[in-house]
Amino acid sequence: MELNEILEGVRDHTLSLEEAQRFIQGYSEYGYAKLDSDRERRSGFPEVVFCSRKSLDHLVNIYEGLYLEKGEVLGTRATEEQYEAVKKKLSRVTYDPLSRIMKIEKDKPHIGKIAICTAGTADIPVAEEAAQTAEFFGSLVSRHYDVGVSGIHRLMSKIEDIQSANCIVAVAGMEGALASVIGGLVKNPVIAVPTSVGYGANFGGLSALLTMINSCANGIATVNIDNGYGAGYLATQINRLAAGSVT
Amino acid sequence: MELNEILEGVRDHTLSLEEAQRFIQGYSEYGYAKLDSDRERRSGFPEVVFCSRKSLDHLVNIYEGLYLEKGEVLGTRATEEQYEAVKKKLSRVTYDPLSRIMKIEKDKPHIGKIAICTAGTADIPVAEEAAQTAEFFGSLVSRHYDVGVSGIHRLMSKIEDIQSANCIVAVAGMEGALASVIGGLVKNPVIAVPTSVGYGANFGGLSALLTMINSCANGIATVNIDNGYGAGYLATQINRLAAGSVT
Amino acid sequence: MELNEILEGVRDHTLSLEEAQRFIQGYSEYGYAKLDSDRERRSGFPEVVFCSRKSLDHLVNIYEGLYLEKGEVLGTRATEEQYEAVKKKLSRVTYDPLSRIMKIEKDKPHIGKIAICTAGTADIPVAEEAAQTAEFFGSLVSRHYDVGVSGIHRLMSKIEDIQSANCIVAVAGMEGALASVIGGLVKNPVIAVPTSVGYGANFGGLSALLTMINSCANGIATVNIDNGYGAGYLATQINRLAAGSVT
Amino acid sequence: MELNEILEGVRDHTLSLEEAQRFIQGYSEYGYAKLDSDRERRSGFPEVVFCSRKSLDHLVNIYEGLYLEKGEVLGTRATEEQYEAVKKKLSRVTYDPLSRIMKIEKDKPHIGKIAICTAGTADIPVAEEAAQTAEFFGSLVSRHYDVGVSGIHRLMSKIEDIQSANCIVAVAGMEGALASVIGGLVKNPVIAVPTSVGYGANFGGLSALLTMINSCANGIATVNIDNGYGAGYLATQINRLAAGSVT
Amino acid sequence: MELNEILEGVRDHTLSLEEAQRFIQGYSEYGYAKLDSDRERRSGFPEVVFCSRKSLDHLVNIYEGLYLEKGEVLGTRATEEQYEAVKKKLSRVTYDPLSRIMKIEKDKPHIGKIAICTAGTADIPVAEEAAQTAEFFGSLVSRHYDVGVSGIHRLMSKIEDIQSANCIVAVAGMEGALASVIGGLVKNPVIAVPTSVGYGANFGGLSALLTMINSCANGIATVNIDNGYGAGYLATQINRLAAGSVT
Amino acid sequence: MELNEILEGVRDHTLSLEEAQRFIQGYSEYGYAKLDSDRERRSGFPEVVFCSRKSLDHLVNIYEGLYLEKGEVLGTRATEEQYEAVKKKLSRVTYDPLSRIMKIEKDKPHIGKIAICTAGTADIPVAEEAAQTAEFFGSLVSRHYDVGVSGIHRLMSKIEDIQSANCIVAVAGMEGALASVIGGLVKNPVIAVPTSVGYGANFGGLSALLTMINSCANGIATVNIDNGYGAGYLATQINRLAAGSVT
Amino acid sequence: MELNEILEGVRDHTLSLEEAQRFIQGYSEYGYAKLDSDRERRSGFPEVVFCSRKSLDHLVNIYEGLYLEKGEVLGTRATEEQYEAVKKKLSRVTYDPLSRIMKIEKDKPHIGKIAICTAGTADIPVAEEAAQTAEFFGSLVSRHYDVGVSGIHRLMSKIEDIQSANCIVAVAGMEGALASVIGGLVKNPVIAVPTSVGYGANFGGLSALLTMINSCANGIATVNIDNGYGAGYLATQINRLAAGSVT
Amino acid sequence: MELNEILEGVRDHTLSLEEAQRFIQGYSEYGYAKLDSDRERRSGFPEVVFCSRKSLDHLVNIYEGLYLEKGEVLGTRATEEQYEAVKKKLSRVTYDPLSRIMKIEKDKPHIGKIAICTAGTADIPVAEEAAQTAEFFGSLVSRHYDVGVSGIHRLMSKIEDIQSANCIVAVAGMEGALASVIGGLVKNPVIAVPTSVGYGANFGGLSALLTMINSCANGIATVNIDNGYGAGYLATQINRLAAGSVT
C-alpha cells in the first residue's frame, strides 16, 4: 500500500489509525515484540515465528495476529505444550513433533525442485524443518535420507535426482563430509547444514560446521548448526530465482 | 564426448591413447596432480587453479595444459613470483596484486547482476577475488565498497542497486555485522564472506565467521574466512539460475 | 562516619563494639560472607545481593541485615523459592520472575536518561535486569525492545529517543550486530550486553560477545554475557556523571 | 549545513556539485573508501584514520582530505614508513613510535580528568594510544604506569588521583587483574583494555580479556585486545558528559 | 614390609597367600579396581576415594577394605545417597554436604599452618574440600572466606595471618584475580584453585584458570577447576616440608 | 551373490523383486533409513546399530530385519527402555547396562588377542563397549582395568600379557597419559580411546584427546571420545590381519 | 644381549664399561639426550631422529652414533642446513626437501602393501614423510595422490588397488573428508592424517582433525596434524602383522 | 629499614630525599617503570627483570639500578642484542643463549635439593631457565634431561635421586605425560611446566597444559607454558621451607 493510499484510507475512515500507523512504521507493536509487517514487501517472505522460549500467551497472540493478516502462519521450534495452547484458539493449526513445526497452511502450488539429503537417520528432524519450510514457501521438495558417505553407493543410486534440483540441502552431523561429496557431483548450489548429531569431539556440531566451511568442493555455503529453517528459506530463494518466480 | 565417440576416435587414430584415457577417466594425470577434466561437464565450471604453495614448474605446466584445452585459465592466491614464471611461457597472462588473481581470459558477455559489498577498505582484496571470479565465469558485477554499519547512511545510499541484484556478496571482517543488515533489506540470497581483517579478539576472522553463521536475518549463508573465490563461484551459480542460463 | 566519631560513640556507649568494629573494618562479618558496608562510601552504590546459589537461610539473613541498615535491598538472579523464603521475614519484598530481581525499594526520583534496547523478545529478561537495576539506582530508563537489525526500520523509528539518552544499553544475542549499528548513530556511550539467546554456533553467547568486542563502531564497551545488572550499574555511573549527581 | 542551504549554495555557485553531493550523502567518495563526513554531526567526533594495511598513496590522500576539511587529523596504528610518506605532503604531521599515533593537532583546552593506568611497562604502548587519543579529543589525562597487582602498594600510593578522575582506563595483559582491583576502589566507570602482553596461555590477550569480562567488581566494561584508541574515545565520551561539554 | 619378611610370613603361615601377593604387587585386586596399597610408602599419603560415579556396592566394599587396613578413610565428591549406603555398614562414617567429603577419621595432631582464602561465598564448597582434606592429612588450617578483590580492605584486614602460613590456598571463580593479589603480598607458595563459580564467559571456570596460569605475581601454581582436594593435598606436602615432618 | 545369479533368481521366481533390488542397490530401504546390506561384502563386518536417539518402533524393525538376515545383531548405546521394547519381539536379545550393548550373538570361536586397558574404574563402560564389540566380531580379549600411571607398578605387573597382544586398546580420561606409557612398552599398535571421565578443564574429554593425539610415543592412533565401539572394531581389523583371517 | 653375556663381556674385556652400562641401562647418555638403545628390542623399530630444533653439532653426533650402531639412520623434519652439516661427516646421507627426510638407508626387501592417498597436491609432503618412513621400515608402498572427494571419480578409478592394501593412510587438509569416504570402501584399517593445508577456519589443521576423529565410517584412527611419520610407523606395524613378519 | 630510621637518616643527611621516598613508597620511580624495592622484604626474593620487549636504554638503566642496590641482578628472556647493550655498562654481566638468562651473580651456598626433569631435549631451554633461576636464589639443583615416558626405563634409572629432592620440576611439551608419571612415584611436590614443544594439535603448549592440569596423580600444580622462571621461583620457595631457611 502506497503512502497516499494509506492517508486516503485514514481520511475516508476505511483504515483505522492503528492500521495506518502499522503500515507507515512497517511493524505491529506488541510491547514485547515488533512484528515486521513490512517484511513480505522487502523480502518476498512473510514473518515466521521462532517459538523457542516464547511464553504461551505471547505465542497465541502472535499466531492470531499473523493468521488474521495472512490466512496462514509458519512457526518453528514449537513444543507440544505450545501447540496445545495455540490449538485452543486456532483449531486449524497442525504440529509435527519430528520437525517441531507448528503451522496453518493454505493450499498452494509447489514449483521448481529442491533436493534435501541427510547423512543419517538422526539428521532427519533438521532436514524436515528445512523441507517443510521450503514447502510452506511454495517449493517442490525431493527427500533423500540416510545417504551418508560411509556407504557411498546409497548416495550414488539417487544422484540423478539430486543433480536435477535447483538447489541441494545437505544435512549432516558427526564429520559432515556429505556436503563435500555432493558438492563435487552437482551443478547447482549446495546449502550445507551441520547438525549437533554425534558425541565426543563433535562439540555440539562444531566439527560438522568446520568441515562444511572448509569444504574442498565449490558451490557450498553453510548455515548455523541445526538451522533447517534457514536452509529451507535460502533454498527457496534460489529455487524461486531458477523458476523465474521472484515477485 | 560420448564413450563410443572416444572409442571410434581411437580406432580411427583421431584421438591419441593418452587423450582417450583422460576422457574415460575424467582427469589428466600429472603425477603430482590429477586435473579434473570432467569437472566442466559435471558442474558447468572449468577447473580453477589454487596457486598457493604450488611449485613454479608444476604451476607453469598446469597453466599450459589448461590453456591449451580451454583457451583461458583462472588462478587464485598467486604470487608475483609465480606470475613472472608463468608469463615467460604464456605471455597473455595477467596478474592483479590486489586480488592475487592470475588469469588468461577470453572475451565474454556478462549476464544478470551480482552486488559485492564490503564493510571497509581492508576487505577489498577479498571482494575483488570474488568479483573477478564471478566476472570470469560470466556474471555482471556491481561493486559497493566501504559501506559498513558504523556509518549506515553509506549503505542506504546504495541500497536500491543492491536490492536489484540476483545475489549479494557481503564481505566483512572485525564484527561482520554487514551481512545481517543487508540480509534484512533484500529479497535475494546473501553470501557472507568473513575476512581476517581486524585484530585482538577477531581471532583471524573467527569473530566475523560466528557473526555471520548466527545471523538473525534470513537468507544468509557463509563461506570460509577470506574465501572470495568461493563466494564468487556460488554467486555465479545463483546468478546463472536467475538468468536462466544454466547449461 | 569518621574514626574519631566512632571512637567517641564507643566511649559514650552510643555505638556497640560490634558496630564500631564493622565501621572500622568496613565490612560485616557473617562467617560465610563479609558484607562490604564500606562500599557505598567508596563507590556511591550500596551492596547488591547476587542470589544465585545462596542458601535460603544465608539469603534471609543478608536481606534482613541490609534492609535494617539501608531501608532497601536489591538482589539479582533470585528464584521463586528464594522469594518465598525472604517474603516470610520481609513482607514488603517484591519479585519479578522475568528479570529475576527481588527487592525492597524506597521511593526516589529518577534522573537523566538511559535507553535500553534489545534485538529480540528473548533478550528482554536481560534487558529488564539492566533496566530495573538502573531504576533502583535512580536513573530514568527508556525501553525499546525488539529493534534488531533484521528489520532496521524498527530501530530507525525510535532513533531520536535513543540519541537523546546519556547512555545506551544494547542487549543482543545470536550475532549481536545491534550494538554496532547503534554505535554508529549516537553521541554517547553504548554498553553492549551479549546474551546467550540463540543456538548452535552461538556457543552460549560467545558469538555475540566477540561481535561486540570487535565492533567497527566507536564508543562501545562490553560486559559479560547476560550481565544485565553490570550494564545497569555502569549506565547509572555514566548517567549520574552526565546529570551532575555524583556524590 | 541544512539541505536548503546546500541547494542555495549550488544555485548560487558558492558550492561545487561534488561538495553538495558529499553533504547530502554524508560521505566523501574516494572509490576505495567512503569517508564519513557526517560522523562529527552524529557523534561529536571527527573521522579518525586506522592506518593499518592502508597503502601509502591512499593514506596520503586521506590525510590531505581530512586536513583540508578540519585543520587536524588523528591516525592510529601508523608505521614509520607511512609517516615518511605523509610528511612529504604535510610537513606538520608528527609521529610517536611508541603509541604509533600519527597526527596533526590544533591547540585546544583539555577538560575534566581521565586516569590511565597500566599493570606493567610493556602495556604502555596501548596506554599511550588511549592517552593521546583522549588528549586529541580534548580530555585531560593523568598517567599511572606500572601499578600492577603483584606490588599493590604502588597502586595504593596513587589511588586518590585515580579516584578523582571522571573515568579510569585500566590497561593490562597477562592475567589482567588490575581492572578488578581498581573497580573495587573507585566511584566512576572503568574501561578495561586487555593487552596481548604475556606468553603461553595468554593466547594473544584472550586471558586478560576473559578476566576483565568476568570481573567480580562493578562498573567495568571491556574493549578489544590492545584497543587503546577505543578506550580513549569512550573515556572521552564519559569525560565530556561529566564535564558538561557534550555538544 | 620387606620381601624376605613377606616370604617368611608365607612359609610360617602367618601371612595368607592373598596378602602376600598384595604386598608384593603393591595393590589389592578388586576386579573393577586395583587399590594402590603401596601408595603410602611411596607418597606418604594413603589412598583416597574419588566417590564420583562409583556404584554403591563398589563404594561400600572399598570403604570397608580401606577402613580395615588403616582405621580411617577419606572420600571426596560423595553424594547423600552414597553416604546412606556406606553408613549402613560403617556407622562411624560422617558426611559434610557442603564439601561433599565422606570420611572416618582418627584423632590426630594438626601441625604447621595453611591459610585457605576464597574470593566469594560461592567458592566455599571447594575451599572446604581443600581444608578438610588438609586437616585429614594432619595440617592446621586457617580459613578466610569472602575476601575477594572487589573490596580489598577485607583481605588486608587478614593479611598478617595469611602471611604467617607455610602455604596459601587461593580459591576463586569469575575472574580469579585473588591469587595474583595474594601472591604479591606473601613469602610462601600460593596454590591457586579456579572454581566454576560465575556465568557467561567464565566458561565453567576456564576464565579463572587462565587468570591464575598467567598471573603476573611470582610463587603461584594452579590446580584443576574446583579441585579443592588436590590443593589440600599439595598444601599439606609443602606444610609437612616446612614443619619438618616428611617421613 | 553375483548379478547373473540375482537375475536368474528373479527369472525363476526364487528371489522376490524387493530382494533383488536390495542386492543390486546394496541396501534395504526403510524410508527413515537405508540399511547397508552390502557392507559385509565390502568391509568384512556386518551393519551394527547405533541405538542412540532411535525411536522404539524403528529400532525394533531394524533389529528384526538384521536378525532375520544374519541370525545375530549388535547394537551400541542402547537404553533400558529400548531393550524392553526389542525383547518383546526378540526374546533372545541381551542387554548389558554397563557397556549399553544390546545384542543377539551366535556362538563363535575367538581368535588372536587384543589387550584392553583402562586408567581408572570410571573408564570401564567405554572399555567394555570396546571389549564386547571385539568379542562379537570374533576376537579374543584380555582385560586389564585400573592400571593408570599414578601407580605405575599396577601396569608393570601386567605388561607381559599386554605385550603379547596383536593390538592394545588404551582407554583413559582425565589427562590420558596411559596411552603414551603403553606405547613406549609394546611392539604392536595402540588404539587410544579418550574418555569424558574427569571434571573441570578436561572439557568433556578434550584434554585426554589432545594428550593422545600429541603422544610422544610411536604406534598410537586415536578414536573419538568415549568411542569404545570404534576401538573394538579397529582392533579387530588389526587382530584379524595378524591372525591371518581376513576374508 | 642378555645380562650374563654383558657381564662376561666386561670380565673378558670384549665389552667396554661404557658399552656395558649402555646395554644395562638401555640408553646412551649424551648429556643433552638419552638415546633409547633398548627401543628396537621393545618395539621392533630403531630410534628415529626428530631433527626439528636440534642444534647442528648435537644432530651430527646423534647421526654418527646411530650410524655406527645400526648402519642406517632415519631422521624427519630436517632442514637443508642440517643436511649440509651431517653430509660433511657422513657422505652417504641423502635429503629429500619435499618430505624433509634425511637418511642413510640399507638395501632391504619391501613386504606387504600400504596404500597412501592424498586429497590434494599440497598434502604430498606429509604423505611422502609417511611413505618414506614406511619404506625405510621395510613396507611396500602404493601412492595415490590428488584423489580428494571434490572429484570422486579419481578415487574410484584407483579403489581396487587401495582395497588390496593391508593398511591405508589417508592424508587430507581442509575439511578432511577423504578418510571417511575411503573408510566406507575398504576392509582394512585406515590411518587418517589431518594436514595443516587450507586457510581461514581450518585453524592450522584442527578442522581436518575433528572431521577424522568424528568420522561416521568404521575402522579409522587418527594421528596428529601433519604427522606423516607417525602414520608410516603405525601402518608398518599393521602391515608387518598382516605379512606375518613381526619379530 | 624501619620508618623512624628513614626519618632519622633524612634529618641527619645520611639519606637523600629520593632514597627516603623510595623506602617509604616501597618502589623506585623510573617513569616507565616502578621497580618494587619493597619486594624482598615482602617475599624474600629480589626484583627480577623480565627483559622481553624492554628497550635497550630502559634495560640498561634497570640493570644498573638493581646492581647498585643489590650487587647482583637476574634477568630472563634476554636477547643477544640486549646482552651486548648491558655488557657495555656492566662488564660482569653474563648471558646464556640456551636459557636466555642474563645475570650478575654473587657467590652463594646452594641448599636443599630440587630435581629438574625434562621429557625431551627440546624442553631443555625451559628447564635451564628454571634451574638457573633456582640456583640464583640459592637452591641446589639436580638435572635429569630426556627422561620422557616413551622410554620409561630412562626415568626409572634416575628415580631415587628424583625422590630425594624437596621439590621436583617436570618440564614437558607434546602430550606432557611426564608430570603424571613422576607424580605417582614421589613424596614431595611436583611443579609441572608445559612447554610449547611439539606441532599440530599441541596448540602452542595448550595440550601439555591441559594434561598437567587434569593429572590423575596427586601433588602436582602447574605454571604457565614455557614458564621456567616461575617454576624455579616456586621450587625455591618450597626448598627453602624444607631446608628451614625462610627468612
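Going in written order, the chains are labelled A, B, C, D, E, F, G and H, and every chain counts its residues from 1.
Following the convention adopted for this analysis, contacts are C-beta pairs under 8 Å (C-beta built on N, C-alpha and C of every residue); 3 or more make two chains touch, one makes a residue touch a chain.
Quick caveat: nothing in here was measured; it's all calculated off a predicted structure.
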Notebook entry, point to check: In terms of C-beta pairs in contact, which of A-F and F-H ranks higher?
Noted result: F-H
Next item on the list: Examine where the copies subunit C and subunit E touch and state whether the two sides share over half of their residue numbers (same) or under half (different).
Entry: different
Item checked: Turn needed to bring subunit G onto subunit H - CA fit, degrees, nearest 5 -> 90
Next item on the list: Determine the centre-to-centre distance between subunit E and subunit H, using the mean Cα coordinates as centres, and give it in whole Å.
Entry: 28
Note to self: So the centre of each chain is just the mean of its C-alpha atoms; given that, what is the distance between subunit A and subunit G in Å?
What the structure shows: 49
Check: Just how far, in Å, is the C-alpha centre of subunit H from the one of subunit D?
Finding: 38
Next item on the list: Name the residues of subunit A that each touch 2 or more other chains.
Entry: 150-151, 184-185, 200-202, 206, 209, 213-214, 218, 224
Notebook entry, point to check: Which chains are in touch, pair by pair?
Noted result: A-B, A-C, A-F, A-G, B-C, B-D, B-G, C-D, C-E, D-E, D-H, E-F, E-H, F-G, F-H, G-H
Checklist line | Touch list for subunit H against partner subunit F, complex | finding: 119-120, 148-152, 174-177, 180-181, 183-185, 198, 200-203, 206-208, 210-218
Margin query: Quick check on the complex: what are the subunit D residues that touch subunit B?
Written below: 25-27, 31-34, 36, 38-39, 52-54, 58, 194, 196, 204-206, 209, 224-227
Note to self: List the residues on subunit B that touch subunit A in their complex, please.
What the structure shows: 42-45, 48, 166, 184-189, 191, 209, 213-214, 218-224, 230, 233-234, 237-238, 241-242, 244, 246
Check: What does subunit D use to touch subunit H in their complex?
Finding: 121-122, 124, 145-147, 150-151, 153-154, 157, 197, 199-202
